[in-house]
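After this come two complexes, each holding chain A, first together with chain B and then together with chain C.
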Partner chain A sequence: MSGYIFRRVLAMIPVMAIVALFVFSLLYIAPGDPAAVIAGDQASPQDVERIRQSLGLDRPFLVRFAEWTGQVLTGNLGTSMFTGLPVTELIRQRLEPTFSLMFVTLILAIAVGVPIGVVAAWRVGSWLDRALMALGVIGFSVPVFVVGYLLAYVFALELDWLPVQGYTPIAKGLWPWLENLILPSIALGFVYIALIARITRATMLEVLSQDYIRTARAKGLAERPVLFLHALKNAAVPIVTVIGIGVALLIGGAVVTESVFAIPGLGRLTIDAIVRRDYPVIQGVVLMFSFVYVLVNLAVDLLYTLLDPRIRY
Partner chain B sequence: MSESADARYAAAPALPDILPPVRVRTGALGFAMRHPTMAIGLAILAVMAFVALFAPWLGTVDPTALAPAKRTRAPSAEFWFGSDAFGRDIYSRVLYGARVSLLVGFAVAAIASAIGLAIGLVAGYVRWLDGVIMRVMDGLMSIPPILLAVALMALTRASVSNVVMAISIAEAPRVARLVRGVVLTLREQPYVEAAITTGTTTPRVILRHILPNTVAPLTVQATYICGSAMIVESILSFIGAGTPPIIPSWGNIMADGRALWQVKPYIIFFPAIFLSLTVLAVNLVGDGLRDALDPRMVKRL
Partner chain C sequence: MDRRSVLKGLGAVGVGAAAGPLAAPAIAQGVKTIKFVPQANLANFDPIWGTQYVVRNASQLVWDMLYGMNAKLEPQRQMVESEQVSSDGLTWTFKLREGLKFHDGEPVRAKDCVASIERWSQRDGMGLMLRAIQKELTAVDDRTFKWVLSKPYPKMLMALGKIGTPICFIMPERIAKTDPFKQIDDYVGSGPMKFVKGDWKPGATAAFERNKDYVSRSEASDWFAGAKNMLVDRVEWVIMPDPATASAALQNGEVDWWENPIPDLVPVLKRNRNIKIDIADPLGNIGSFRLNHMHPPFDNIKVRQAVQAAISQEDYMRAIVGSEDALWKPCPCVFTPTSYMYTEVGGEALKKPDLEKAKRLLKESGYAGQPVVCVVAQDQPITKAMGEITADVLKKIGMTVDFVATDWGTVGQRRASKSPPGQGGWGMFHTWHAGVDTATPVGNIGIRANGDKAWFGWPQNDQIEADIASWYEAKTIEEEKKIAEKINRGSMEHVSYIPTGFFLGYQGWRTSLEGVRSGPLPWFWGVKKA
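And now, the complex of A and B:
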């Protein structure tokens, strides 16, 4: 087992190396002159030259890449071209709101998505199943910011139940923190719930047709333990896999959700960086999120052995 | 022999039909009855395509015309969907916006499928390249698609074609993995081995035996990519990394309405309805295609 973990961690290295190489070489392979694009239309030739130097575009690719990799490995993601602050510092300041939002959404999506999928599979073909799956298609189709504005309009502006926008650090209390995150999490979780519900239903359908389920029912077990103990346990691996893959949706959606609900997290940082064409910041955010994504999926892989003892490495 | 048999065994009497014969409807109505979701989706898409094509003749005005005296008007007879912060007619902007969304959706679906198909075929067929290609695809897939597109857009000038390329690059690895998987199972099939044994050249094996079998899964995947590309385009435009603000796209209209959404929600409401309906239609077609092309999948997903 420990050998397996070690191999899996090792396997992360080439993947992260490719991410880093790609994000870095974008500066070189982008069509046109990135320095001129970043400088904008009103920039003087001196400005363009200054940006070219600060990005290191005046030096050979391999030299720059070696330098840059060395810096990244020692935890230095460069400096923001706009604020002059280290990118790691900018990211660190914004971590809490974004990860709070993603965490609450993850919990919410699992707590809602899995039961929906189980119920739909249990009553497969019924009107309930159809209604839930129709909701699922809608969940895939409505963009996150549309859900966000709709929720904010109804529950914050019209009904005044929850705050419209903003973020309160968790240090100021659990409820103030959670209160601000409820609407953004529902908005962000919409697609994710649909995804989890769909895969849960599909896997449960397969498991429910197995002989041991018939046995469990035949010996007189109530439906609830049959569904949640016998069936769901055996359906866990694909569900957890999709939860891991879906984190990419969470990350992409968080950027937009933060913009709708004025949450001062990494999404705001990214959007500000886009407006200012602050490439080192964008590069840092992309690297950081990709790293998180790879880590999450590593954790999912390692979870398999806990969820299904038949899987041995 | 046959004569004596006929004589001894009388022909069975014609039985009355227990069930009336199944009448299979043909034509558009029959298609709609057999595939209701796909029919609904195609109908909505047809309406959107009509709107996009004939936008100039549907009672629209110049979608970029400014009218500072008529800012943020509520929906009325003059401004059917109201007017935005610059006095532009939202009805006209939304109708013209259909062009950008549909163009981006279909272009990304086509380009990402083509790139992914090529990469997937090579990876699935050229053994020694497989490992390298798939590691690179894994790397690209570890970058969340929206962030990948954001990074690409930050380094290029805003234009519709750059948006299409950025989203295509973000989506192509998923297609490549799908195609590679199909190719790997196909090349073990007896009929492919038979073709190779009888001396069929590799290009011909790919063209005659492999490619046709990738069409069904690829079409379904392309449909979902089309829907997701429309959403990504609107998100990119919404956060200012997409279609240039001068071009009316649904994401841009919503981005313009962002500052005023608490007082003038209709600026965001109308493009949001159109975008959601269109993506819903594309996804319905995708679900319908999946069910029609691969009946085994119906139970699984």
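And now, the complex of A and C:
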């Protein structure tokens, strides 16, 4: 197992290198000029050019790429062209809100999505199954921002139960932290719940038709242990895979959710950086997200061995 | 007690048991804080290096100015106690007020002013003019500095007190010595508030705390002039990119003041009895249709005049502000309608669209169907709305349109390109100019017609340039008004650019705030929170 982990960690190096080259090249050829944004509308073309030079944007691609790669290898993601702050510091400021949002959403999605999928499979073809799957279709179809606005309107503006926007660090208390995350997590989790519910239902249907399930029922086992101990455990591998893949969905959804609920997370940092063409920040954030995604995939692969003893690396 | 407080209490009981050490810390009592939603993200904090309005608006709290403009756009003494100008108009001597201190406790000295002026003047239009005639700028003693020129400059005080970016803010010498093309990272000023660097999360929040040592003037507060008394302890800027969220937060009382509600959301806010809505800036904005004078088809004056004859300012303005008549007016002028420079002399072509005349002019021009590359930023509602109207107008008069839908960042880059439109260049783009900038030729970048050195589009017309230069030498308002007529006529005839109308915007605040005023910037001094 440790050999497998070592090989996977080694394999991350070329993956991250390719991501780095891809992101850097993409930004290099993408239109837009950070110097023009910094200088503002009142600046003369000469001022814009001076700023471009001071930012080093007039240097050749290879020189800039080599310099940036050298920095990254020493753990330095560079400095934001706009704020003058280190990219690592900007990412650090934004990590907690985004990871909190993703964590609460993940818990919510698993806690709701898996039981829905199990119940739908258990009552396949019934009105309950159809109702739950219809809910799933809605979850897939309604954009995050629509759900977000609706939730904010009902629960914040009309009922005044929860805040409209913002984020409170967990250090200031568990409830203040959670209070700000409830609505965004529901909005972001909607599609994720639908995804998990559908895959759980499909996998459970397959497992429930297996002989050992029939045997469990034949020996008089109650439905709950049949469903949750025998069937769900054997259906877990594809579900965990989808949850892992869904992290990418969460990252993408977080960008919109953070904007709708004014959460100062990495999603908004990314959008702001893209709009302004703050290249070091975009590169840093994309690298970090790629790293997280690769790590999640590794964790999912390792989880297989816990869920299915037949899997060995 | 409202429902949320009850829920909060229940939540605290329920979750608190599990939270243990994570319980909320006590919040300092009696600290008056204004939560403010600005027009944009405070992505940098150097008012000389980055000239965005949002940076200027934040900087006014931290850095003070030698002169401040009042609502009549007259420069008034601010940090300066007195000034003297020699009889030949060549030597200006400024004396600072007593007791001025920076936030680090150091007194404001004349050498700080000299260094600040040096840095500012390398980035500002008026500053560059002054540098061109500067013989000497030196500190005489701690409170006095002298500026010797080779030619009189009657607009000196206007230059030092101008509201348009970049403003001549006074910084400590050690900060002001920074290259004006490099960003500062030390935010010590002498203004009425201190910048809380540790609370600055670009894209999320910025905070300012009252400077208890600030020595305010005794005159009544009037825009940048007079007293700058802070009546709250803290101002927090909360960045909200989504207008619907900002609207909901204002309605819910999570923020106190929103700088620029979009017209679509204003009716909802007006229905809320806890919110006041008013015009944000009486000087408003002028929409701009910028043409590329360097390349076909707009290098041909007849083509420019054809387009000018075709446009309806009402169409543009309705696309921006909707049906509210109070938010716009026609503007056949390159100066702000509420300023003393406003004139309609020469603006006849913009008063009524004439498609037949436009088609005739286009035919006379010999236009051969070259595509007009319209570079239109879709992420800015104002430019998007204007761009769609323009594409329609150009097609109506028989022009070929190459509509490039893009974002503002790309427009910013592409408009700087002097390449032909088909090779990465452009034919036209839209923007808008703040009325405070277009109130006079100072900061009115759109009117410059000095070719290569002019603003994007690079119009070239020596007469307009001569008229602008003569304005800087004018000694009376009457003289300035006459020159304004010449500049407007010249700009309209040459079609340096096409003003698409004058429009205003709203601001909204909770009734718990008192003292919110209209102006080109959100003025925080004199604002009280109940």
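Here is the rule we use: the second predicted complex is superposed on the first by the 274 of 313 C-alpha atoms of A that agree within 3 Å, B and C clash if a C-alpha of one lies under 4 Å from a C-alpha of the other, contacts with A are read in each partner's own complex, and residues count from 1 in each chain.
We adopt the following convention: a contact is a pair of C-beta atoms (placed from the backbone, for glycine too) under 8 Å apart; a residue touches a chain by one contact, two chains touch by 3 or more.
Small disclaimer: the values here were computed from a predicted structure and weren't measured.
Q: Pick one for A:Pro176: touches chain B only (first), chain C only (second), both, or neither.
A: Second partner only.
Q: I'd like to know which partner A:Ala299 touches here: chain B for first, chain C for second, both or neither.
A: So A:Ala299 meets neither chain B nor chain C here.
Q: After lining up the shared chain so the two structures overlap, which partner does A:Val164 touch, if you call chain B first and chain C second: first, second, both or neither?
A: A:Val164 sits against chain B and chain C alike.
Q: Could you say whether A:Gln93 touches chain B, chain C, both of them, or neither, answering first, second, both or neither?
A: Only chain C is touched by A:Gln93; chain B is not.
Q: First (chain B), second (chain C), both or neither: which does A:Ala66 touch?
A: neither
Q: Looking at the overlay, does A:Val146 come into contact with chain B only (first), chain C only (second), both, or neither?
A: Only chain B; A:Val146 stays clear of chain C.
Q: Quick one: is A:Ser259 in contact with chain B, with chain C, with both, or with neither? Answer first, second, both or neither.
A: The answer is both, since A:Ser259 touches chain B and chain C.
Q: Quick check on the superposed pair: does A:Ile107 touch chain B, chain C, both, or neither? Answer first, second, both or neither.
A: So A:Ile107 meets neither chain B nor chain C here.
Q: So, does A:Ile51 touch the first partner chain B, the second partner chain C, both, or neither?
A: Once the two structures are laid over each other on A, A:Ile51 reaches chain C alone.
Q: Residues of chain A that sit at the chain B interface in one complex and at the chain C interface in the other, please.
A: 31-32, 34, 37-38, 149, 153, 157, 164, 259, 271, 275, 277
Q: Contact residues on chain C for chain A in the complex?
A: 2-4, 7-8, 11-12, 14-16, 18-19, 22-25, 41, 43-44, 49-53, 123, 164-166, 179, 181-183, 185, 201-205, 238-242, 244-246, 248-249, 251-252, 254, 379, 406-410, 412-416, 431, 433, 437, 443, 445, 453, 455-456
Q: So in the complex, the part of chain A that touches chain C is made up of which residues?
A: Against chain C, the touching part of chain A is residues 31-34, 36-48, 50-51, 53-54, 80, 82-85, 90, 93-94, 149, 152-153, 156-157, 159-166, 170-179, 259-262, 264, 268-269, 271-272, 275-278.
Q: Quick one: which bits of chain A touch chain B in the complex? Just the residue numbers, please.
A: Touch list, chain A to chain B: 14-19, 21-23, 26-27, 30-32, 34, 37-38, 137-138, 140-146, 149-150, 153, 157, 164, 198, 202, 205-206, 248-249, 251-253, 255-256, 259, 270-271, 273-275, 277, 279, 282-283, 285-286, 289-290, 293-294, 297.
Q: Within their complex, state which residues of chain B touch chain A.
A: 135-136, 138-140, 142-148, 150-157, 227, 231, 234-235, 238-241, 254, 258, 261-262, 265, 268, 272, 275-276, 279-280, 282-284, 287, 299-301
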